[in-house]
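One chain, chain A, links the two complexes that follow: it is found with chain B in the first and with chain C in the second.
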Partner chain A sequence: MKKLINSPDTVVTDALRGLAAAHPSLEVDVENRVISLAGGPRQGKVGLVSGGGSGHEPLHGGYVGYGMLDAAAPGEVYTSPVPDQILLATQRADAGAGVLHIVKNYTGDVLNFRMAAELAEDEDIRVVSVVTNDDAAVEDSTYTAGRRGVGGTVFVEKIAGAAAEGGADLDAVAAVATRVNERTRSFAIALHAGTVPAAGKPGFALEENEVELGVGIHGEPGRERGSMAPMNELIAYALDVIHADLPVSGNLLVMLNGQGATPLIELYGAFAEATAWIEGHGATVARSLVGNYITSLDQSGFSVTLTQLDDELLRLWDAPVSTPALRWGR
Partner chain B sequence: MKKLINSPDTVVTDALRGLAAAHPSLEVDVENRVISLAGGPRQGKVGLVSGGGSGHEPLHGGYVGYGMLDAAAPGEVYTSPVPDQILLATQRADAGAGVLHIVKNYTGDVLNFRMAAELAEDEDIRVVSVVTNDDAAVEDSTYTAGRRGVGGTVFVEKIAGAAAEGGADLDAVAAVATRVNERTRSFAIALHAGTVPAAGKPGFALEENEVELGVGIHGEPGRERGSMAPMNELIAYALDVIHADLPVSGNLLVMLNGQGATPLIELYGAFAEATAWIEGHGATVARSLVGNYITSLDQSGFSVTLTQLDDELLRLWDAPVSTPALRWGR
Partner chain C sequence: MGFDTETAVAWIDTAATVVKADEARLTALDAAIGDGDHGANLVRGLTAAVAGIAEKEPSTPGEVLVVAGRGIVAKTGGASGPLYGSALRRAGKALGDTTDADAVQLGAALEAMLTAIVELGSAAEGDKTMVDALGPAVRAFNDLAADGASLPAAALAAADAAEAGLAATIPLQARKGRASYLGPRSVGHEDPGAASTALLLRALAEVTA
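Right, the complex of A and B next:
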């Protein structure tokens, strides 16, 4: 499996050097692996920190900026960041009003963010953690007790970031983050497995007529190995699972996300089908993202994420954001 | 080769329906295959039209919006749009000040845009065409007499779009587009071939230790079949070719572009190496894009595009733009 890399050992470091060179709005501490806002956070604003294994770009470093995250801690590929690293990100995000940790529900991430939160509390930085677990595919999984945190994390980061930018205090920002997570469900289907550079071969094997229904963002198994089918059937399968878990209704925020190797022309086609399915179920696509927002290296396939908006969440979604990967309104 | 599609026959139509659903700022005429600005262009502004085969998304439909294109005409996958379709796009972009056609140098595109321009002139719409040919890889190619138009087309569309938005007349907008093209060079390397849906198998075969040096955006052959190498060597090969053709100096606009299936983490690593190479040759990366801006379906690999900026081009690059795929400044 050919990769555009120098060596598996330098993939994350090389990418951080590139992120630094491409985005002067970011301060990238390559040695300590912390991405934060150049100039630091605005005094008195609640800080937002996320992080997790690398390989899901633009998540999380691409979401550091005005109206979203203050700092991100990227681990090795598909590997949790370490507590000291998360502590450093927390310190850089701290502007005197406490820090929200947004943590995808994987055992290592939850543990290491918890340790970092305790270290931060020792330094009188108040930390509240919100764990995302929006994947409707399976209850427990390879790296997870309970549901996995996946695409909904992007929505939590955006909406909580807008609340913090608007002056909400730590408890209020945490409450809105929790609310987004509770109103969000995701489901993913893989067509071809991605390859972790250090492994050098695809993480799992799919035959030419097979797909993985409910795949995780690290290639974890889903509900079942299914048969390859036309795109509209795959979309309907994903949305049926979500709908059975949290009935689809009202105004929705929808993400049709690629896993890294799916062409944008296919993602737009899939979004057309998802929109038709949603409207056919009496709900409305109020806002949307179509593209690669939370990836799995060069895995091919898609995920769909739905959030039931209310007026406040819609307003916060529409608020200005300025990050490398999401930008509007200023 | 599994594809997230309903049928090869509906790939473009499905994607256009998705584009319409995702972006209310666009008017998408699915039947006639024209993407234009909802509400039409501002009266008195020079209109900008581009187009070409589909499969290169977000090019061109993703670049329709304030400060860039007024309309785009997408053909079938890797197939030129037809003259009537380009004429319709031209009519929709016309706001009384003439229309610029931005055409990538492929025989079919050049011919069909020329016919459309003649039809438009019959309707008293003045059209000037600028043909992009920034690919430093080869002189002639599968679908091309002369050099191919590739990544530089994105820069031409952005910078000419800013000139038009700023009130320049048709000749001035065409002149700045021509100047960008002349000061721009690109080079691409493929690791794995992409698959056209109707073909169902990769467009060319690369062994596990091979790369295509100088590949075109339709998988056309480049200079030679080379050996797979570490990323820094591939980047240096690409930049050496560009440098030999147009010496790298001064302030550069740089795009490190994925071909559709290359993870963003790898593109950032490649951009770090490109930046180091450029700085090592005494030039400066003044502005940059890293990501998927002109793709080749699910081909994996990268292209690098360099433009020698001057003060005017830098100012036009920095001017506000608001399209699905490029957005900043408002």
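Right, the complex of A and C next:
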């Protein structure tokens, strides 16, 4: 394993120290592992908190800022944060109007956030949770906790954050978050596995001519192993899966996301192909993101996320945002 | 004598002692079908629960369980921390302000414990989880309590039912928790969560006897 780290034990702490040094707009509590807005939230605004395992940067700490999250709780690499940590993030995000927890659908995250919500209620902070589950790859089954929460989480955080910034109350913010999640689907394909620093070796093995179709953000298995193919065929595979699950139509918000080790030149090529595919199916790319927004360490490959926009969601997407990783209009 | 503050403290102390004594067995069970940290995690959590009680000096049995649950949440980690922590907190809240719970009141608290775990873990009996020990135990306790049995008799029946429930997890295939990732390979092992639950209920029977 060759990584730009001091030691696997300090990866998360070192990254938090760097985040603090790079972004004075953030208050980074390295010891307790909570990232929040310097100066705290605006009084009377609904607070937004998210969190989850580290290794998906810029998710979630890079989305703390005006118009998005008020606090984030990063766990160890690919490991859920603990309840006390989430409780602290919730307290820092609370400005008297309640707090929305945005939770990706993984057993550990859901458990720890639910527990934190119970503890917050004891402190008289009202918490509503929205669990994202936009991954179209793996269907509900007895053996999984439902669909996984992936790229759609970025859209939920941005759009719900704009609703909160605009003065919506907790139930209204939660309703918007839920609506975005319901109208969003994602699909990912991996070319090479990533390496968890503490594990020291790649999480799974792909032959030179293989890809993992429907891979998860922790390198979890998808639908099947496929053969490596030209980019246009991989994009078409991903979009066909999404289209079969939630037919594409109307104005779409599209994210062509890199998993951490895919060059931007390839992502832009893939986005051109995705745009052509979407227009060929009679829909419109109304807004888009191309780049690394929800990563899986040094896994290579891409994910594509589509949200069916309506007028309100489009307006909230366009609303000003100022975070380390998303910034416009302000 | 019912379930008073002193008994509640004794329950958590005894639970910490028996789980510590069985740490290696719990860890081995978890290593077979999970990630091998259940024993160490729960020892850490219960140690924090005991320390929390010593520090806060709660004055009712309900408070004892809430404080113990809080300690477990803070220190256990994994899935069992939130599950056991929430279960004890809910049981404590169900006891309210009573200073000496009778069998029916304690039965209601155990029911709250079960509800917390079922809700938080989205697990049902037969999924090969702690619910397979706790579900039968709570039923056995409340059946006897409803018939007017003494608290010690109900607690003894609950401990026996939990151990029977634990044994019944061996042939099951896990449908929740980390063991579920193994699919059919989880068959043939006791569930570590059900094993620790059985220890907690045996501890309850001991301190109420």
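Simple rule for what comes next: the second predicted complex is superposed on the first by the 325 of 330 C-alpha atoms of A that agree within 3 Å, B and C clash if a C-alpha of one lies under 4 Å from a C-alpha of the other, contacts with A are read in each partner's own complex, and residues count from 1 in each chain.
FYI, a residue touches a chain if its C-beta (ideal position, glycine included) is under 8 Å from a C-beta of that chain, and two chains touch if they have at least 3 such contacts.
What you are looking at is a predicted structure, and each value in this text was computed from that prediction instead of being measured.
Contacts of A:93 after superposition on the shared chain: neither chain B nor chain C is touched. After superposition on the shared chain, chain A has more residues touched by B, the comparison being chain B against chain C.
In the superposition on chain A, A:145 makes contact with chain C only, not with chain B. Once chain A of one complex is fitted onto chain A of the other, the partner contacts of A:267 are limited to chain B, with no touch recorded for chain C.
Applying the stated contact rule after C-alpha superposition, one finds that A:177 touches neither chain B nor chain C.
Once the two complexes are overlaid on the shared chain, A:118 sits against chain C while remaining clear of chain B. Applying the stated contact rule after C-alpha superposition, one finds that A:107 touches chain C and leaves chain B untouched. Of the two partner chains, chain B is the only one that A:57 touches; chain C does not reach it.
Residue contacts after overlaying the shared chain place A:82 against chain C, while chain B stays out of touching range.
Chain C contributes residues 70, 73-74, 77-79, 81-83, 85-86, 89, 120-122, 175, 177, 180-181, 183 to its touches with chain A in the complex.
Those residues of chain B whose C-beta lies close enough to touch chain A in the complex are 1-7, 10-12, 14-22, 54-55, 57-58, 62, 77, 191-192, 194, 208, 211, 228, 230-232, 234, 256, 260-273, 275, 285, 288, 290, 292, 295, 297-298, 300-302, 327-328, 330. Put simply, chain A touches chain C in their complex at residues 82-84, 107-108, 111-112, 114-115, 118-119, 142-143, 145.
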